[in-house]
Amino acid sequence: MPDKQAVRPGYNFAFLDEQTKKEIRRRILKAVAVPGYQVPFASRELPIAQGWGTGGLQLTLALVGPGDVVKVIDQGSDDVVNAVNIRRLLLQTTGVKTTEDTGAATLIQTRHRIPEERLREEQALVFQVPYPEPLRRVEPSEVKTREMHAEADYSRLWVFLYEDIVRWREITIGAQYPVLVNGRYVMDPSPIPRWDIPKLHMAANLNLFGAGREKRIYAVPPYTRVEPLAFEDHQFRVESFDGKHCAVCGSTASFLDELIDDHTGARRHTCSDVAYCAKRHQLLSENGPGAGRQTGNETGGGA
Amino acid sequence: MDGLEITDVSSCDLSGRQDHRVPGEPMLRVRGLTRIYGRECPDCVPRTGPEAGSNICPGCGSVVACAGVSFDLYAGEILGVVGESGSGKSTLVQCLYFDSAVTAGEAYLRNYREGAVNILGSSAQEQRHIRHHLMGMVYQKPHQGLRLDCTAGGNIAEKLLAAEFFHVGRIRERASELLLRTEVPLERMDHLPRHFSGGMQQRVQIAKALANSPPLVFLDEVTTGLDVSVQARVLDLIRHLHRELGLAMVVVSHDLGVIRLLTDCTLVMKTGRVVEAGLTDQILGDPQHPYTQLLVSSLL
Amino acid sequence: MGELLRVTGLTKVFKLHLLGGREVVACRDIEFVLRPGEILGIQGPSGAGKSTILKCLYRTCLATAGQAWHRSPDGSVDLLQAPAQTILALRRSEIGYVSQFLRVVPRVSALQVVAEGFLCKGWRESRAPQEAARLLEHLKIPADLWEASPCTFSGGEQQRVNVARASAGWPRLLLMDEPTASLDQESKRTVQELILELKRRGTSIVVVSHDRHTFNQITDRVLHLNRGAEVRAGRGREYAKAAADH
């Protein structure tokens, strides 16, 4: 049940007015109906600046209900400023429960990561998207890119990948790797690392993408094919950590951040997904080594 | 007869012999192709043309770029389209390659749905499919047909990728093969055509047009603006490719020398209309229309 | 086998639009029959329309009136009216033409020019150059010239390449316009021999020439033209004799 005390008076539930939320939900339905297709919507003014996750936030605000448990992460962390501010806004305009536990959340807003813990059918993941157009790197004109999508004409993006391979022997795109959704639309998965791309493929949960400044909504519905663009002889590969493990929880099957100690200059790696790391750490200290045995269930990308 | 020992005809291998009768069905059938730029009025077509001496409609000011163009192109044949600037010859091929929409007219391609569908009326998506699988185009200016900021290999790859050929190794194999054929040094494959000479750009463009082995290729003033010696090399290349691959081609040129060298049949266009059509050597040797006679007599 | 070619009422009027539409009659109501394996000569003064007849038959000229039925293995074709594609196909497979002047691409070797004739008649790529070489050899074109373009050849050599090209692959019908002009005596004899060899192989030939000697040597019958009209026809040797008696 919502926490009435937390709610500031004078605001509609979830900040946006009901008509706006309805309108956004209609756009979401269309996005779900045409997986990977960018649905234009009238992006609203919010009490945070554009470029700080307003697209994702509008989706979250349109979807959140009193019974929801919300989690907000930024680059895998619940505690950085962007995530904290958005969580606070949600709390103050809805009073819904928030959590850091991925498994406990019903609605997760994220920037640049997909949680390591595999999501379930009843969960929805909302992405903050800076640049929704995957073809922008080869075509500056919006009119042309729309035409290209309409005709499924992706040859120029393919040429871009081809030339990347010719020049560097591999595709150098790190984050924001273009994917083909349901065999039809090429989609920008937002700047998630390649590590997270396989998690989108046939995911049980609903994935929603919102670009506030660019005014676009798109979706990958549950159990939808999501294939990274790759050549028969140059397969898609996720980041490799070369047997490194998390300094906190010992994980070898999660996306790792490299940390350099300012004083000693020593390098160490920790899980990028902080909540996941904490959960494993707790399990380990409660039950001893072996309790945190990784089933391989958590990640799509193999180590 | 001394010195002449010639194998008897009966012993020669005729397995490769083509049926020398009229090939059953044309590969490309064009009927009444018309392209008008402007508002259009019912007078546009009747009040323009060679008799009127203009392709600008006196009624509404529209430009009748070409009107009522019909022809048949057979497999392996080269059709020339000749005429002065503004006669509508480039518009004709641009319409057939779907670069420009048509005002009226139909075209049927034997290789596409058994020639039962008017390809000029097909959807943009179908037209793109036809362009990428069944047609090639070489434009007058290399930048029209090439992406100068993509490598030569990338340009060829674009055509292959459009036809869903997703294997870098095989793409590069095919690109090398095409560049070899079009006499572009292989070490230039990963260079930008921006830095190539005009003749080499044109050869890369030809390689790109041939990437998917289309049965039909359009060539729009491909040697215009090239040095004479470079021109000769490009023309020889086209002749050679035609012989080797048996392509059907439509060659647009204002240069009767190019037309004579390359084509079997020719359409002569003036102010948007075909004024004469026939065998190329007949058009050049015995032109019928006053305009063609003028054109031929102007030949250097 | 009655006839290979039957020409009736062949008339060609040139309309010169650049000269205010003036009309020039090149030939009128030409009639003749060519039998299989026969060599028919056409003779007459300059401007009598001899070349025009050949051009109309090969369709480099459009006849104004008349018919020319050519009996091809696949049926009869009116050479004056048939669609362009039929003419192109016939040119590739069974009709050869020796023009007055050789006109070739300057960058193609003599050997290739002749081999082309074999290739388009369906000879294998591996065999055509050999056959072409034999023809050139027979026509006494020095072997060291074969790789050069005929454009660089002397007039006589060009003419022989021209004959070789048209004879390549042994066409059923060969139209020859002054095949021995600009040739010396020896070359003339060589060309005449080739023409007779063609005849032996079943080629029927219409030949236009000023050269009375050539006519005496090779033609079976002669058509004599005067100012575009047909005057008389007869056996070559008899005609020559009759003319000499005048």
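Order as written gives the chain letters A, B and C; numbering starts at 1 within each chain.
We take it that a residue touches a chain if its C-beta (ideal position, glycine included) is under 8 Å from a C-beta of that chain, and two chains touch if they have at least 3 such contacts.
The structure displayed is predicted, hence computed values, not measured ones.
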Legend entry - Nearest-to-centre chain - CA centroid comparison: B
Inset, instruction - Sort the other chains by how far their Cα centres are from that of subunit B and give me the top one. - result: A
Inset, instruction - Write out the two chains that share the greatest number of C-beta pairs in contact. - result: B-C
Inset, instruction - Could you please state the distance in Å, as a whole number, between where the Cα atoms of subunit B are centred and where those of subunit C are centred? - result: 32
Inset, instruction - Report the inter-chain centroid distance for subunit A and subunit C in whole angstrom, where each centroid is the mean of the CA atoms. - result: 80
Legend entry - Whole-Å separation of chain centres (CA-atom averages), subunit A against subunit B: 50
Inset, instruction - Mind pulling the residue numbers of subunit B that touch at least two other chains? - result: none
Inset, instruction - Please give the residue numbers of subunit B that touch subunit A in the complex, ascending. - result: 124-125, 128, 132, 147, 150-151, 153-155, 157-159, 161-162, 166-172, 190
Inset, instruction - Report the residues of subunit A in contact with subunit B in the complex, numbered from low to high. - result: 147, 150-153, 155-156, 158-159, 162-163, 165-167, 230-234
Inset, instruction - Name, in rising order, each residue of subunit C that touches subunit B in their complex. - result: 14-18, 55, 59-62, 74, 83-90, 92-94, 105-107, 121-124, 127, 131, 134-135, 137-138, 170, 193-194, 196-197, 201
Legend entry - In the complex with subunit C, residue positions of subunit B that touch it: 1, 3-7, 9, 12-23, 72, 74, 77, 232, 236, 239, 261, 264-265, 278-279, 281-282, 285-286, 288-290, 293-294, 297
